[in-house]
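Following this line, the structures themselves.
Here subunit A shows up in two complexes: once beside subunit B, once beside subunit C.
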Partner chain A sequence: MLLSKRLGRAAFAAFMTAAIPVGAQVTGDAAFSQVEKGRYLAVLGDCAACHTAPGLPPFAGGVVLQTPFGDLVAPNITPDPETGVGRMSLQDFQSVMSRGIGKGGYHLYGAMPFTAYTKVTAQDNAAIWAYLQTLEPVKNKVEPNQLPFPFNIRASLIGWNLLNFTQGEFKADPAKSPDWNRGAYIVEGLGHCGTCHTPKNLIGGDKNSQFLEGATLQGWFAPNITADPHKGIGAWSEDEIVQYLKTGANRFDIASGPMAELVEKSSQHWTDADLKAVAVYLKAGRNGEAKAPSPLPAGDKLMIAGQAIFADRCMGCHLSNGAGVPKLFPRLAEAPLVNAGDPTSLIRVVLAGSRAGATEAVPTGPAMPSFAWNLGDQEIAAVLTYVRNSWGNAAAPVEAKDVATLRKTLAP
Partner chain B sequence: MLSTKTTRPNRRQFLSSTAIALFLCSTGRGLGETIAGSPAWKPFDASPPQTLGSGTWYFLTLDEVRMVGAITERLIPADELSISGKDAGCVEFIDRQLAGSYGSSERLYMKGPFQPGTPEQGDQFPLDPRQRYRLGLAGLQAHCRETYQKAFADLPPEQRDQVLTQLQTGAITLKDVDAKAFFALLLQNTMEGFFADPIYGGNKEMVSWRMLGFPGARYDYRDYIDKHNQKLDLPPLSIAGRSEWRVKD
Partner chain C sequence: MATKLPATDVVVVGLGWAGSIIANELTDQGLSVVAFERGPWRETARDFNIASAPDELRYSQRQELMLQTAQNTVTARNNPSQTALPMRSWGSFHPGNGTGGAGNHWAGITFRFQPEEFRLKSHLTEKYGAGAIPAELTLQDWGTDWSEMEPFYTAFDRLAGLSGRAGNLKGQIREGGNPFEGPRSEEYPTGPMRQPYGPTLFAQAAKELGYKPFPVPSALISEAYTNPLGVTMGPCTFCGFCTNYGCANYSKASAITTVLPVLVRKSNFRAQTNSEVLRVTLDATGKRATGVVYIDTSGKEWEQPADLVIVTAFTFENVRLMLLSGVGTPYDPETQTGTTGRNYAYQTANSVQLFFDDKNFNPFIGAGALGMGIDDFNNDNFDHSGLGFFGGGSIRVTPIGAAPIGYRPTPPGTPLWGSEWKRQTVKNYLSSMSIGCEASSYATRTNYLSLDPTYTDRLGRPLLRITFDFAQNDLKMSQYCTEKVAGIAKAMNPRQFVPHPMTGHWNTGPYQSSHVVGGFVMGADPKTSAVNKYLQSWDVPNLFVVGASAFPQNPGYNPTGTVGALAFKAADAIRRLYLKNPGPLVSA
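Showing the complex of A and B:
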């Protein structure tokens, strides 16, 4: 009974939304493929990252997003009429995705990345909406806005939007290849890569001039994923980018932290064509004019202490030349994350340890142990400074006070 | 009387037993468990060695500290090879071991019956190391006061060596503990303190490891495999690190 009701709703939604000529017959197959398309797009956009909380049913909301302004909680997007999106129409959904304006005219916070989703086509939104209608309605009341005054006043977002939001669907560039255009559509739109990887301005908007150049959020630094050869992924081939997104690991790196979740829940399920398109787009991006800085001299006092610590605590896995072991221990030499301006993620994994993503292709999920008990703040600063200035790496020294701050913030 | 006649299964029994066997084989569930996904992991998960801080005594009284110092100073005397056992922190090591699970024989079966065993069977005493130290040191002190009218720690080094030798050979007896076994315990614990990782209180600045050329708690020698017939002179490494880790101005 429930099933047929849901199928009926899906078919109805598909009928209402699919751009089909008036009078055309909606067959069961068409409804099915529309829902399947929506299901894939929901995976591509990793809706579950925010809207599925651990231990709760899919898309029932409840994931807390810590922003610099306070906490926001992702809402329930199952078709429950009381607590979900059951009373919304496709037009309401289109308005959320395209304009950041919810049913009844209220403004959404930028944590819902409508600044990227505005690029998603109306057809794709219709498919996602059709898929959402097939979900089990779950009664789960979520209060999304848990920001303190004055950020909890949604009207303030009108000004925010003026400064940070350009509405409009993705426009293909006819001068570029279809792969590039598909990649751009995914990266800039539904994939919302910039939500983590693009630096933010003081009011939390994307600094679009620094698109994908890396940003810090929730105690992690999402690295530069431009084609910059030093700080970005310029050294990765298209195949290696595909391999990373598909399996969570390539010869350079292993996905960890929030990226591990993304790979596990989303990118390992992308089609090969979409993976290729994203790789083509990222490879063709800006490759950074800035010359790589020079490394600290080996005689620097931080480097001397750091080398001793590296030999005693790190070398067993990452090897004395920083090469690591593919798919098992990340490579430190010439790694974008290691050369990043912001060492937050590096400090974090040394302090707390980290678990790599486990995918169907690379299921091991190796973990790095925590060193917080064994290494002091100055020692962690020294060893990371050594790692950031050896084997072709070059980056600013890490400061002990930054280690101390993160240690305090992350302590369980 | 039991019948010795063998019975052959009839056709019905054979078929039904085969069916049951096949059924049991085909539903192998419940006997084994399939484990999928990654094992549990949580941030900051670590099991560092449990150690007690310095600057205080956890089990020994001040008199006992003085006495154990006077003993370990003779068991491992200062010479051209190293500082003495006392200066290397053996008293701290013994104090902390006695305060911990070793001292209370927490992990040993300590219920009777207690009877003499072979050397291979190890300790067969009803007393745990804490009790043996407390009673043994008191007995040794009483012996010294009776014989020399002095505390053990106040005896000159040669006389301390003599008393310890008598203890080792069983030439003197102590009131509550076996003298030879008590000496063996003292010697064993002093050596442990001298050679164990410094985080446990002894082996100050890895003095014994430097003496031996032991490189310490290292686990990766791949970079040295090809360096044949070369003296590596690796400085020793403690679980807590080594002095080269400190950033020197």
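Showing the complex of A and C:
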């Protein structure tokens, strides 16, 4: 009977997948800790989101980032000397992270969020670099710059940096708690939350005065995650923020779209201390305008039409009071995404459907189906206007032309 | 010639309820499990979209979730003197296909069998004397008992989030529940479903007649529920698309809504879909399974070696695989020897249709397991002395939904098409209802499963042959119970009521029930059973065969709750006993 022997093998395999791949050059506990620290930081920063493409080996690059200026492709960051970062030194890497300048002195585009990574400490960069050295080198040639003229001229980035980039490591604020400082370090630095959640100026730089107030990119609206009680997550407790990042769901919301990927690949694996720190920092942030706007009156024509469509198409899951079902069907009442100034994500989810993230803690992974084939632009505008102005929500009506525009964008 | 693959610890054949539960338990134990599924991968998020899942033409008429008869079917006959013919389209029953199996398109009614059932022969002999049991019947005990079964029923209840009200909580009879059920160790995980008008009227009438109505135990859950594995289900919306459909609301418990989301995350689990297992391979002694041979969609054959083989397909394929693999001795109805194929049984479907003038039931408000029932005339809950039969049925009103193509409740004598048929449809659609009686099916000497000598599948392997007819015992029971149902119908004071007791011979044409059971039954005696009380093969100790194929006969209940409990029972025995000491767990 081989069962017991196989059982041993299975247990060993399980251990190996839980542990990190250890390279031959790494020896001793100190080296292991450094690599393990780097592995965790790479998870914390969700490097895989851009540098690991579906179907390719980890960190071999190839994820296409659509920017308003054209496509950029994330490079191969495995230690392959020809196509990866095998010829780079720690110093070169430090320069990339801290200054946005690659080996040989060329300027990186802001899609590599060095405007945030500049805050990462040199020690942390050294750990990440140590970890990257342990990866299996993969030969995968990537041409990162696929921008059209004139954006493909990197010299233009010198001016861009002048306007949009402040170099320098994170400086702790001694007036704030250690949790707040750790949270700020993650959110503003390696976590690069602002890359999605901060509105961009005309040339793609962060509008720092509106830090984390929500932004539209790649056909999604990344919602306001400031402590604003109406448009942001001000109503969420610290524990609820932790729960959302750890499991992908809390009583308000379920992560979907790019955030679902973030939770699946990154934040579900953060330490409890880091999750807590991020929650402390976000809760302590600005809370926007004090006064919420007034909702549209229930007798408004769009509202009446929207309510009828909601009853037919949406109520079965989201319930007549918009409360949804925790961990299964998102709550619509008083949800930041619903009250956002920009309804892009709402329109997108109705048109294209969306799948929630599945995590170890919340493995269900439910989906919202697409309604593009059986709801017209005007109907979607009506039902979303109703959702945005019911059960305590208040936001501008959704226009049918915005639905039509996104519908065209999403069409295959 | 099959290409040999690297060995694994465990092979599971079939990813329905039983296979998914066992795979989950054994991967928890640290074993590497490869599970084979003949059909496609199915999951709610991708396959059951709320905007397209309620499609009667696609799922009910064209049966998209069922096994296609071109891939595999059965042949059927009523008795051993006849020549069986193949079923070229499904009628009497609906075998499933794909992950979730038949537990994907099921209705969701989830009874526990009663304590007496597990020792039915002993119970009836003790109570009525051996001579009282009709000679045609081959009733058997299960080799297990209530105290051994109850914990595993509870495990399944929790996994599926079942909705209902306990009628017997730790021996205490509780008002509003089913007083005939065995003592349960805990209340249902979720409360009973809210009842629509038809079941409410029925329950009132039944109560006035002195019967004890209770909400039908349901796997279409009444409120949001997160099961012990962390998977969340949502409350049923009464949309009426359960039976024959996948649930788009995450309300109907099935392997895909309760287990598989967790199982697929495990690195020591692999699901091999669209891969049909052709046989279990045995070593030269025939006493040890070495793995399985399967065929992929390109027609290539592969051998997957394993230390432990768990067969968890539908009843038909469980038995057919055993016959094709040479496990055990095929049952011979002449000599009554051999156990592979023995004691095949079914379910006896009866009903009474009621037509009212002054009622509106809104029949489109429905769900497969929504309703009220009584157990006063089920199994041995009433005195059978002098009746000339044993068994009985679960009597209940369960409005499953009134889909537009299939639901045409017209009184007898109405033409089957034309203006009068339309007029009667309009007149009766809202104002008619039906009381069902899902009744027992007791095994006989000549009801059995074997390999067909003539007809083969697309690969040239013999089809499974069903030899089945209703026992005289069951037909008498049907008359008796349907009369009792008619008594309730009459008390409800309809314009007209029409009793439909089961009569005559079994006919493969009209749909009756997918509750096909037996053929590889469990028991304490290897002469009359194929597996022991742990679902372990008597002949091949590293082979477990789990499913309704293990029922020695069928009581007046739906089988799924018991299939789930048996899966937990087998997994527990493997984890707790077998892995420590691989070999026969019961000495014959």
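The working rule: the second predicted complex is superposed on the first by the 384 of 412 C-alpha atoms of A that agree within 3 Å, B and C clash if a C-alpha of one lies under 4 Å from a C-alpha of the other, contacts with A are read in each partner's own complex, and residues count from 1 in each chain.
Following the convention adopted for this analysis, a contact is a pair of C-beta atoms (placed from the backbone, for glycine too) under 8 Å apart; a residue touches a chain by one contact, two chains touch by 3 or more.
Computed from a predicted structure; not experimentally measured.
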Exercise for the section: Using the superposition on chain A described above, determine whether A:337 touches subunit B (first), subunit C (second), both, or neither. Expected result: neither
Problem - Partner chain(s) touched by A:360 [first = subunit B, second = subunit C, both, neither] - result: second
Exercise for the section: Report for A:374: first if it touches subunit B alone, second if subunit C alone, otherwise both or neither. Expected result: both
Exercise for the section: Please indicate which partner A:88 is in contact with in the superposed arrangement: first for subunit B, second for subunit C, both, or neither. Expected result: neither
Exercise for the section: Check whether A:410 is in contact with subunit B, with subunit C, with both or with neither, and answer first, second, both or neither. Expected result: first
Problem - Partner chain(s) touched by A:308 [first = subunit B, second = subunit C, both, neither] - result: first
Problem - First (subunit B), second (subunit C), both or neither touched by A:329 - result: second
Exercise for the section: Answer with first, second, both or neither: which of subunit B and subunit C does A:316 touch in the superposed model? Expected result: both
Fill in the blank from the handout: Check: subunit A residues flagged as touching subunit B and also subunit C 316, 353, 355, 358, 363-365, 367, 369-371, 373-374
Handout entry: Residues on subunit C engaged by subunit A in the complex (per definition of touch)
Key = 7-9, 30-32, 44-46, 49-52, 224, 226, 229-235, 237, 239, 248-250, 261-262, 265, 267-268, 307-308, 579, 582
Handout entry: Residues of subunit B defined as touching subunit A within the complex
Key = 37-39, 41-46, 48, 218-220, 222-223, 237, 239-242, 244-249
Handout entry: Residues on subunit A engaged by subunit B in the complex (per definition of touch)
Key = 301-302, 304-305, 308-309, 312, 315-316, 319-320, 351-355, 358, 363-365, 367, 369-375, 378-379, 382, 410-412
Problem - Residues of subunit A defined as touching subunit C within the complex - result: 1-4, 6-7, 10-11, 13-14, 17, 313, 316-317, 325-329, 353, 355, 358, 360-367, 369-371, 373-374
